[in-house]
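After the structure tokens below, expect a handful of questions from me.
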Amino acid sequence: MLEVRGLQKVYEGAGRRVEAVRDLTFTLEPGELACLVGPSGCGKTTLLKCLAGLLAPSAGDVLLGGHKVTAPPPGMALVFQEYGRSLYPWLRVRDNVELPLRQKKEMSRQRRRELVERSLAEVGLTHAHDAYPWQLSGGMQQRVAIARAIAYEPEVLLMDEPFAAVDAQTRADLEDLVRRVWQDLGVTVLFVTHDIDEAVYLGQRVLVLSNSPTVVQEQLTIDLPDERDQLTTRADPRFTAFRTRIYEQIQAAKVAKA
Amino acid sequence: MSAARRAGLGLCGLFGFLVLIELLPRTGLVPSAYFPPTSRIAVALWDQVLQGSFWSALGDTLIAWGLGLLIAVAGGVVAGVLLALVPWLRRFTASTVEFLRPIPSVALIPLAVLLYGTQIGSTLLLVVYAAFWQVLVQVLYGVGDIDPVAEETARSYRLGTWARIRYLLWPTGLPYLMTGIRLAAAVALILAITAELVIGAPGLGVRIAVAQSSQAVPQMYALIAVTGLLGLGINLGARAAERRLLSWHQSVRGEAVV
Amino acid sequence: GSGSGSGSDNTAADKAGGTVTLNVGLVPIVDVAPIYLGKEKGFFDKQGIKLNLSTAQGGAAIVPGVVSGQFQFGFSNVTSLMVAQDKNVPVKGVAEGNNSTGKDGADFGGIAVSKDSPITSAKDLEGKTVAVNTLKNIGDTTVRESVRKAGGDPSKVKFVEMDFAQMPAALTKHQVDAAWVVEPALASVKASGGRVVASNFVDVSPDLTVALYFTSTSYAAQHPAEVKKFQTALSESLAYATAHPDEVRKVVSTYTQIPASLLSQVILPSWPAEPDKASLETLGKLGQQDGLISSAPDLSKLLP
Amino acid sequence: MRRILVNVMWALTLPALLIAAWWLVSDDSTSIYSPPLRTILRTFGPTWDGDRLTHDVVPSLLRLTAGYLLAAVAGIGLGLLVGLHAQLRATLEPVLEFLRALPPPVLVPIIMLFAGIGDTMKLIVIASGCLWPVLLNTVEGVRAVDQVMIETARSYRLPAPARLRHLVLPAASPQIFAGLRQALSIGIILMVISEMFAASNGLGFAIVDFQRSFAIPEMWSGILLLGLLGFVLSMLFQLVERRALAWYHGLRASRRAS
Amino acid sequence: MLEVRGLQKVYEGAGRRVEAVRDLTFTLEPGELACLVGPSGCGKTTLLKCLAGLLAPSAGDVLLGGHKVTAPPPGMALVFQEYGRSLYPWLRVRDNVELPLRQKKEMSRQRRRELVERSLAEVGLTHAHDAYPWQLSGGMQQRVAIARAIAYEPEVLLMDEPFAAVDAQTRADLEDLVRRVWQDLGVTVLFVTHDIDEAVYLGQRVLVLSNSPTVVQEQLTIDLPDERDQLTTRADPRFTAFRTRIYEQIQAAKVAKA
């Protein structure tokens, strides 16, 4: 489905040259849910933007369904790390969520409404339809961005630390929401997170990125059962084992650099 | 886009414009006696360039322009910042400003002549009066555009008045001010020429007036072209300054990406 | 308040070494050639006058300049001066400016139409649009007189304001039906085939005084000696100009940019020594009739 | 109600003081060009009676409105194009800067060649002056649109029209309004200038006519009327702006509510 | 030291009225380190802004050292939740950190340099001094904001989810940094977090806020030893007990609402 081959990205300008990503190669199967972890500043956001066709790689290729990605491909949704700035301050919450749907010509007005309502309800924002984004708390803004991506019913969903600003309980709810959406729609998901538990809980696979110069340090298949829930899965001893394993890998990535 | 490419494209644009001016009269769309083609204007321009009096007139115009612009920009910035820092002052003066702004400089000609005769003083008066408002309005909108979070940051660290001007107001307003200066520069040039034209203060405007009343059509167009070229030069300078001063700004750094 | 004449004594009249510097506000046209010629010939030096000639586009700048003392003398058409006097602007004529040539069809100004115009006389102007450089001034009053003399109804003429410089183009492009044009624009009109259908100055009076040199009443009262010297030098200049038309054309090319081909075609005005008082009375009546001025001008005060 | 009264107080205090000062200073003026304010005010009523209002003021206002709207549409339209396409901007900028520097008084005769001497000409003259602040501000506003917002639109593949309508226009609107505000007073100024050419009625014509026929108090009353006109139009403008930029002012006001 | 009495904050405007905080009362002792947890949107940021004197409460008082807080008091530093927008894009990383220090007149240039260097090193950004904030990853930006607060050597430090965007390892390091700074400087810290483990690990006390209408649901003293480290403290059974307790409280808070 999604194939990354020898991806490199170098930022140049304003007297600085940063090799954000050195050489990344991996594949996502259709309908897979993979999590991406790695130290701060290692190039996760950069990678996601290259996948989304927002950034041209300096070298290497991104292939989606066998076609090279050069511009944002249809059927892909992205939840930005900078959630606050990705919402339009002149649109109310409802309109922010609805805006991408309006581009789907074949969708009826009513279905659009329905999707907006439902996705906002699912992120717990039933009462904020009429607010402007800047009238919301950080966590609420982030949930609007998530609702927008879910309402879009994408085939590929890229999420960049989407739960960074919400509390533990909401986070757990949203984790289950993502898994539910993934199962219901069969969407391919790449999920960036800093929370190792979250990565293990969510993913079928966890990709660990090294510190820069960034490469894929490790790919771990999480063979926990597909039916997961917050209590039993997290109590599973294999869960703990995965978690420890990943923690060690990240440590290793960090140490390698220092 | 590289500087060379930008210059190349710009030259192409100018060339196209010159060709258009050449063709308009040649195709008989306008009588060539009153709208001479580029080639005739160029010959007349060359004639002008060879005359010493042309250069002294150009010098006079540039002095009036530069001095007037300097005063207007300095005044506009100081007044704008003052009004931004002291809200009651803004409220107090708003109606008066709105009243004075639309009073055309040309209507002030008798007053200017009364005060300064045909000396540079009357040109300056008109230039400053017209250009000042351009700068002021831009500065007012610019300082109104301060990001609320950035402002809260400044307040929470108790930045002093001077530091707030220097580190918050100034950089936020700068893009607006640059536009203001570009607007004011052209308006100042226009008013300098107009004042000379009507009042007879020394400068290019007088030469235009003489050419006009002498039925010396190509000469008149040549002199008008000189004002256009001045405007062009002024803009080149402003753009260069902008690239230095606003290298951090989205509008400038955005150019490099994609 | 910023009173009139506040600057009349400081810069301008410094009598360093017995010479006075006089600033004169002029319009850059053929009419003022004598003063340039006189300056070149040294007539003003002889009187101890150092002349500073500035050109402005029109009365808008010259009259306030003279009234405030920035200029000691200015050049203006008589109707403007009559209007000024009528409005209590303290101005006073000091010398003849220029006169119409008095030759019908060969004056330095006239009512012109384009080559292909059906208009043949001033009477045909009824219902037509005529361009003049300034509304409610010498142009439209005299054009009305032409229409009247030709047996037409002047109230049926529509006037529109336009710079002389734009009139040739406007006639060619039929933006106006006719125009009151003066030199050198008149020569330009003729060069592109235009015709003169009437000479409006001649229709008013065979010897119409068109313009005067003037000063402010306060300057005239305070500096009679300078005024006298200026008059002396100027009358010498006028006489010389009348006698040497070729030199006039030459000097014109120094302060204007009239193309040589056009300059040779330009009809020069006449420059008699004195203004023609009778013609001015007629002009005053016309002005009164058209409502430019409220009462008959006091020529004894206005004229030198 | 009280708020309105307080606002009116703020708006009127300074003008009242200035008028009082002018009144006192000019009271014993004998200068023909700066008559006592008393005289000016006395002539105001009789000068601007119903006849003049319909004959001069209304046509002027119509021309102003048409020219201003034309400039607004053209300025925003062209500004969007030029702001969005760096190549186009590089190509057109020199020509535009050349044209921008041409003084209206010398431009008018040229425009007359193409547009005749009727109202079309005046309309174009007004528009040709108002265009620049709108154009420049639109271009700069468009260039400054936040990168994350652009990426959001791109990632959801909003097609160009939707991107314009929902992203670029609202994001640039604060700066566009700065331009429209500038253009308003420039429009009034150019209305006067355009009526100095080939006109036989209009507010500008009347003022110039008064000036030439030495009806100086009437001329001053005309200048006062221009100022009043500018003031009223600017109030109307603010009403429109407050509606159109409600989100923008709301965003800023809500954060500064302390 | 810091006393909050009956604090209420109601947001009004744009047709929405939100009672963000209903009635908060609590006290921080000098030199105390307290953590604040609560559901997303319950008013934590609002509370912090009221404490910092950036927002005027609708009712109730904030007292600092016995004085009512009406404007940002001296010696207080705030790390904003919207870290990205609280950094100035026109200043390089180094200058962003240095800016508040410049306001301390008595501080020598060299000491300033030293503080900047050290605090940037402590958050792991030794190599990013010369970058602009927009050239950094989200986590790096957040660390710059933390470095700025620490370099300021405040007496009161308010932090709003300061580690939301950094990876687990960096987070652990930063937690230890905060505790070190707190112990070394004796600063009073109020720390907002969503991570319950983090709250227990860091705080001497944890305040749990209820869902809106917001009140203080529970105050828990964490009587773990003052010497804490990531391995042993987190393994302590009392740690787990506290954590469970707080989790239940937050659950209760959520349920109370639903």
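Before moving on, here are some points about what is shown:
As written, the chains take the letters A, B, C, D and E, and residue 1 is the first residue of each chain.
Criterion: contacts are C-beta pairs under 8 Å (C-beta built on N, C-alpha and C of every residue); 3 or more make two chains touch, one makes a residue touch a chain.
Labels paired with UniProt names: A, E = ABC transporter ATP-binding protein; B = ABC transporter permease subunit; D = ABC transporter permease.
Because the structure is predicted, anything quoted here is derived from the model rather than measured.
In terms of the stated touch criterion, the partners common to subunit D and subunit E are A, B, listed by label.
Distance between Cα centroids is largest for the pairing of subunit A with C. By number of C-beta pairs in contact, the leading pair of chains is B-D. Subunit B has its Cα centroid 49 Å from the Cα centroid of subunit A.
Rounded to a whole number, the gap between the C-alpha centres of subunit B and subunit D is 17 angstrom. With each centre defined as the average position of its C-alpha atoms, the distance from subunit A to subunit C rounds to 83 Å.
Multi-chain contact residues of subunit C, defined as those touching 2 or more other chains: 2, 60, 64, 67-68, 163, 165, 169, 173. Within subunit E, contacts with two or more other chains are made by residues 11, 13-14, 53-54, 82, 85, 132, 134.
Annotation for subunit B: residues touching 2 or more other chains are 31, 34, 110, 114, 149, 152, 197-198, 212, 248-249, 253. Those residues of subunit B lying in contact with subunit C across their complex are 31, 33-34, 109-110, 113-119, 197-200, 206-207, 209-216, 219. Residues 25-26, 28-34, 36, 109, 112-113, 116-117, 197-200, 205, 208-209, 211-216 of subunit D are the ones touching subunit C in the complex.
The touching residues of subunit A, when paired with subunit E in their complex, are 11, 13-16, 18, 37-41, 43-45, 81-82, 84-85, 130-132, 135-140, 143, 161, 164-171, 194-196, 247, 250-251, 254. Across the interface of their complex, subunit E is touched by residues 147, 149-150, 152-153, 155-160, 163, 167-168, 171, 248-249, 253 of subunit B. Interface residues of subunit C, counted against subunit D in their complex, comprise 1-4, 59-60, 63-64, 67-68, 80, 83-84, 86-90, 131, 134-137, 158-163, 165-166, 169-170, 173, 175-176, 292.
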